[in-house]
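Heads up, the next two complexes both have chain A, just with different partners, chain B and then chain C.
Right, the complex of A and B next:
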């Protein structure tokens, strides 16, 4: 079955989304991620969407929900690598992802999470 | 328009071409407001090309309907003249006069040629008049289109000119906005800003609205959209250059800027941006 890999970097988890999301995949990802946050005692989650040219309201909501789940498990989520065109589309759709922190790339995202943990 | 008795017209133009040309040019220059050497010689050139073209078209065409395919060359030539005049800033009257000025010299030749048959004369004059009215209207239409193109191009240029994104410091961008923000401009501003954020890896963007004359709910909404998009890319925005009146308007309109850092001047915003990115400014005593 198709799965999105979750990489561990210290106490951070890195999720790189490179394929089209659909319901099943999103559910599996949320399942896997919440499990890994608990087992790896992760304090931060990085979701990298730099490979996505299209982000619709479904993926937008999925990201918000995932961030909310991670927050309950005491891990901060940073969304990194959004393309300019994607940002404009999301804003036009009215999806500003209020609860989610953002960073330009993975490096800056890690910095942001480390700063928050100190 | 269906009248095809243009034999007289054609023969007159062919036989009196030089005289007609002189009469036409004299008529044209007397009506022209701005007069200089270059425009007069250009006029002569255009007129001397137009006359034989008209004669040959009349010869081969069976109709004086200017939208017929036989008149394609004439239309093309008139369109060129009209477009060049629109670009040079001639008035519509001056442009149309190019065609209308030919009327009176032509009529005088028609009168002498058909002096014996008044009925034929009046018919000829009516046909010729209609023909030249059509041609004149056509020049006006082309003129108008050329003008519209110029306006559109200028609008586009303005749009591109007026949205620079400048890098103030490592990781700090500034976006000095000048003029009103409408949705088309917001789109351009947003695209420029986001692309620049990607290119420079900026963490903070300062949007300076000193040059924005008024901020209403729509402008405020566009600003908030830009800020939201920049935030999605991981860059924070600071709004600076808010004038006292604008601060009052924003509050009266009930626009919510709570979540945005706002500063009165670009300098204040820059200091905040430096603090956020971990840079400091120090003044040395010996260099004043």
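Right, the complex of A and C next:
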């Protein structure tokens, strides 16, 4: 079965989405991430979407839900690398990604997560 | 003046993968017409929302993509067609946050905001066609 790989770096999980995901693949990623937070005892999740040229309401919901589930499991989620055109479109679409922290790139995202853990 | 239309490309919308194929095709057409990155992103996103509606609420269907011309203007028109249950209350369906199927309720209203032209033709029990168009700005 097709899957998006999840990398572990210490207590952080890193996902780089590099394919145009269909909806089932997005749901699989949400489930996988939630499970890995528990099995890897992760305290932070970084979702890198710099390679995505669109985020529609379904992917947006998957990201919000993942962040909400992570929060309940005592992990913080940072969404990194959103392209400007995607941000413009998301706002016009009406999606505000409430409760999701963002950073411009992976490096800044890691800093944000480390700051929160001190 | 009725805009002239080219030949439509017809794509099936039966599976999740079809939605990905549609996004790719729409992107290619927008690039061919010369749309900028932000406009491309908006239209591909609108197309993705409407294609998902065909799949989730209409039980599958198809998309027609056509290049449109109006004098010196060029654009892209897309129709999303299903033979599903139809939309009983269009005004309600276009309300931000309203959903009949567990989504975010942004698909129709969001697609409308992201397009220049937006039309819904729906008959309860017969199906729904949503048509959007985007014109290239000079």
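Criterion: the second predicted complex is superposed on the first by the 118 of 118 C-alpha atoms of A that agree within 3 Å, B and C clash if a C-alpha of one lies under 4 Å from a C-alpha of the other, contacts with A are read in each partner's own complex, and residues count from 1 in each chain.
Here is the rule we go by: contacts are C-beta pairs under 8 Å (C-beta built on N, C-alpha and C of every residue); 3 or more make two chains touch, one makes a residue touch a chain.
These figures come from a predicted structure and were not determined experimentally.
Touch criterion met: A:53 reaches chain C, while chain B stays clear of it.
Using the contact criterion defined above for the overlaid structures, shared-chain residue A:88 touches chain B and also reaches chain C. The larger set of touched chain A residues comes from C, when the choice is between chain B and chain C.
Where the contact sets of chain A with chain B and with chain C meet, they give residues 84, 86, 88, 92. Of all the residues in chain B, the ones that touch chain A in their complex are 187, 190-191, 194-195, 197-198, 201-203, 225, 228-235. Residue ranges of chain A in contact with chain C, taken from their complex: 20-25, 53-58, 60-61, 83-86, 88-89, 92-95. Touching chain A in their complex are the following residues of chain C: 16-17, 19-20, 23-24, 27, 37-38, 40-42, 44-45, 48-49, 52, 96, 103-104, 106-107, 109-110, 113-114. Chain A makes touch with chain B in their complex at residues 79-80, 82, 84, 86-88, 90-92, 96-97, 102-105, 108-109.
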